[in-house]
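Below, each structure is written out as C-alpha cells.
Here chain A shows up in two complexes: once beside chain B, once beside chain C.
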Partner chain A sequence: MHIPDGYLSPQTYVPLYGASFVFWAVALRKFKDESAVKHIPYLAMAAAFSFLIQMFNIPIPGGTTGHAVGAGIAALLLGPWTAVIAVSVALIIQALVFGDGGITAIGANCFNMAVIMPFTSYWVFKLIKGNSSSVKRLYAAGFFAGYIGLSLSAIVTAVEFGIQPMIAADIDGKPLYAPYPLSVAVPVMALEHLLLFGIIEGVVTAMLLKYFLKHEPDAVYALRGSSK
Partner chain B sequence: MTRFQKKLWIALIIMALLSPLGIILPQKFNSGDAWGEWGADALEKILGYVPDGLKRLSDIWKAPIADYNLGGENASLSVQIFSYIISGILGIALVGGIVYVISRLLVKKG
Partner chain C sequence: MYLIDSGISRLGKVIKASYIQREIASGKGLFHGLDARVKVLFLIFFVVIVSLKKEIMPEAAITFFVLAIAVLSRLDILSLYRKVFFFGFVFGFLIALPAALNVVTKGEVILPVLRFSKAYDFGIYHVPATIGITAEGVSTVVMLTLRVINSVSLSFLVLYTTPFADIIRALKVFKVPDAVLMIITLTYKYIFIFAKTIEDMHLAKKSRTAGGINNKEAREWIAGRIAFMFKKSRQRCEDVFNAMIARGFSDTVAIYGFKKMDKRDAAAGCVLFSAGIIFLWV
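Entry: the complex of A and B
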C-alpha cells in the first residue's frame, strides 16, 4: 500500500502533503499537552512495531503481496492522535532510508496509513464495544478495528491511484501517472484487503489487545476511563 | 524500563529476526510486487509502456538501502535475508530514536 514515486500526479500528492501536515501539527501539539514521560516507551515501541510488521509481506499465491500496518493496535493503545505520530515516523523512515513508498508520496502514504487508518480503527472499536462489558464483544471490536481500518485505508489508496488517469493524461489520453482507472484499482485493492490482509490486521489487533489487557491494562488508551 | 516493557522490546527484536519470512514466503508462493508498487521496468512488462510522468518521477530518490536489500538487484537469497534482518534492527533503532528525540523536545511532564 506504499505508493511509490511517479504514481501520483502533483495535483494529488501536494494536497495530501498538506492534509498530513495538518494532522502532524495537531498530533504533535496534543502529544505535547497530554503526554507524560511514561508514555514515551509505548510510542517508540508502537512505531517500531508498525515498521516491523510491514516487513512481513503476505503472499497471495501466484499473485501479489500485502501486509498489515499495525495502526489499529497503535490507535487502541496510544489513542488515534498519538498513533498518527507512531505510524508516520515508521512510514517516513521506510521512504527515506529503504525506498519503500515514494518521497513525493510521503504525504499520501501517511494520510492513508497513519491518519485514515488509526482514526477509523479507533472509531470502529468504540462503536462496536459501546458500553458493553462482554469480553467477546471487546475482542470482536478489536478485530474489526484492525480489519476495517486497514481495508478502508486500502480503498482510499485505491481511489488515489484510480483518479490519476482522469486527472493527468497527455493529449492522446494516455495516463501520465498511475495507469489503472478506479474500476480496476478499487476492486483489486478492496478485495485483497477485505479477504486476506485485513483479516491478518484484525487478528493481530485483537491478540495484542488481549495481551495488553492481561499484562498492562492501564496502557490501553481506548479503555481508559471506562468501567472495567 | 519496566519488566513488561523489556519483554516487549525483546519481542520486537525477535520480530526483526523473523522478518525474512516476509521475503521467503512470497518467493515460495511465486507472488510478485504489491499491487501498485511496481518499478518502471515491471510496469513496462505489464503495460507495454511507462507513463511519462511516472518515468520522470520514479527515480527522484535514491534510498541508501533500497528495498531493504544491501546486495543490489541480483543479490542471492541469503544476502537478501541478511539485509532484511539488518534493516529490521536498523528500523527499530531509527524509528525508536526519532520518537525519543521528538518526545524529549516536547514532553515535559514526568
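Entry: the complex of A and C
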C-alpha cells in the first residue's frame, strides 16, 4: 500500500499533497480549543501507537498471518481526526527513516491511508453498529470497518496508479510513471485486498475491538457521543 | 510463539535502525558537517528532479552522483547499497517487471516468451498471439527501478549523515509549524521506548512459557499487548504533559532554529544546487 517514489507523476502527487494538507490543517484546528502543550504529547502518543500496531504479526484463522495498517482501529479508538494526524505522522516517519513509501508520495500515502481509511472505517462502523448494543453486531461492525476501510483505500491507490499511463506518457504512448492502466491496476489491487488483505485488516480490527470491549470499553472513541 | 517472535524481531529491527542511524549520523564525512537545512533542501530538490526525469541516462548519472557523495562522506557503501538495492529490486524491478511484456507496454517484441495459435480478446483485455518483452517495456522497468534506487539512496544519504532531530528541525525552512515538528520528534522517541517495552514484555512471557502456545492464545496475547500499549501511551501522554508544565512550557511551542550558515555550507549549497540545475537541464 505504501507508494514508492517514481510511480506517481508530479501532476498526481502535488494535488494529493494539497488534499492531505487540507485534512492536516482541519485536524490540527480541531485541537485548537485545547492548549498546544496538551495536544502535542497526545498526538505524538497516538502516532507512536499507530506506528507500532503495524509491527505486530497476527495469526489469522486459516493458517496465514498478517499485520494491519491499523488506521481503522486507530479511528475507532482515537476518533477519525486524531487518526488523520496519528497515521500521517507514522507514515512520514516510515518514509523518512525506513524508506517505506516515497518522499514525493507522502501526500498520496497519507491521503490513502490516513484520510480515506480512518474516515471510511469510522463511518462504516457507525453505520453497521446503528443503535444496537449487541456484542456480535459490534464485532461485525469492527470487521467491516477494517475490511471496507482498507479495500476502499486500496482501490483509490489503484486509481492513482491506473491514471498514470493516461496523464503521463511520452509521444509514443510509453508510460513514464506507473505503467499499469486502470483495467489492470484496479482489478489487481481490488481483488488482492477484497480477498486477502482486507480480511486480515478486518479480523485484526475486530479482534482488537473485542479485547477493548471486554476490558476497557470506555477507551473506544467510536462508542462515545463526542464530535472530535 | 514463532509468530509472536517474528513480530518482535520486526520491533527489534526498528530499535536497531534507530541506533545505527544515530551512530552513523554522528560521523565525520563530507556530508556530516553540512548544515541540516542544506541537506534537507538538497534531498527535496533532488527527489523532485528524480521524479521529473524521463530518460535513463540522466537518471543513471544521478545514481553515480549520489554514490560519489556517499563515498566522499565515508559511509559504509556495501551496507548502504545493500539496503538501497533491496528497495530498488522489490519496489522498482519486481513490481514493474510485468510491464516489460507487450500485454502491458506496447512496442516491438525483442524477446518472445509465449506463443498462441491466435490472438484472444476477453472483454476489454487483448492477449496477442505472441507474448514477449518489448524494448519500450524494458526501458520502463529500468526507469522505475532507477527512480526507486535514486530516491531511496538520496533519503538514506541524508538520514545517515544527519541526526533525526536536525532533519526535523530543518523542516522549519518549509514553514512547517513548530507544533507539528514537535509531534514528529516526540513520536519518533516514543516509538523506540514502546518498542523496547514490548520486546521486554515478550521476553518476560517467553521465559515463563514452557512449550508452545496455540494461535488463539497468541492472538489474545497480542491483542492484550496492543491494548496495554494503548493504555501506556495515554498514561505516558499525561506524564509528558505534566513534565512539560513543570518545566515551564507555555501555550506557544517554539523549536529553536539553527545558527547562521557559514561559508562552507553556503558553498556546498551552491554546488549542490548547480548540480541539480544541470541534471534538470540534461
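As a working rule, the second predicted complex is superposed on the first by the 191 of 228 C-alpha atoms of A that agree within 3 Å, B and C clash if a C-alpha of one lies under 4 Å from a C-alpha of the other, contacts with A are read in each partner's own complex, and residues count from 1 in each chain.
The working rule: a residue touches a chain if its C-beta (ideal position, glycine included) is under 8 Å from a C-beta of that chain, and two chains touch if they have at least 3 such contacts.
Worth saying up front: this structure is predicted, and the values here are computed from it rather than measured.
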| item | value |
| --- | --- |
| Which superposed partner A:208 touches (first chain B, second chain C, both, neither) | second |
| Which superposed partner A:1 touches (first chain B, second chain C, both, neither) | first |
| Partner chain in contact with A:189 - chain B first, chain C second, else both or neither | first |
| Which superposed partner A:157 touches (first chain B, second chain C, both, neither) | first |
| Which superposed partner A:77 touches (first chain B, second chain C, both, neither) | second |
| Interface residues of chain A shared between complexes with chain B and chain C | 4-7, 9, 28, 35-45, 47-49, 51-53, 55-59, 61, 65, 67, 85, 89-90, 93, 95-99, 102-104, 170, 174-177, 179-180, 215-216 |
| Interface residues, chain A side, partner chain B - complex | 1-7, 9, 28, 31-32, 35-45, 47-53, 55-67, 85-86, 89-90, 93-100, 102-104, 157-158, 161, 168, 170, 174-180, 185, 188-189, 192, 215-216 |
| Footprint of chain A on chain B - complex, ascending | 1, 4-5, 8-9, 12, 15-16, 19, 21-23, 25-26, 28-37, 39-40, 43, 47, 49, 51-68, 84, 87-88, 90-92, 94-96, 98-100, 102-103, 106-107, 109-110 |
| Sites on chain C touched by chain A in the complex | 3-4, 6-7, 10-11, 14, 17-18, 21, 43-44, 47-48, 50-52, 54, 83, 87, 91-92, 96, 98-99, 104-107, 124-125, 136-137, 139-140, 143-144, 147-148, 150-152, 155-156, 159, 164, 167, 177, 179-180, 182-184, 186-188, 190-191, 194-195, 198, 215, 218-220, 222-227, 229-231, 233-234, 236-237, 240-241, 244-245, 249-253 |
| Residues on chain A engaged by chain C in the complex (per definition of touch) | 4-10, 13, 24, 28, 35-49, 51-53, 55-59, 61, 65, 67, 77, 85, 89-90, 92-93, 95-99, 102-104, 170, 172-177, 179-181, 183-184, 207-208, 210-212, 215-216, 219 |
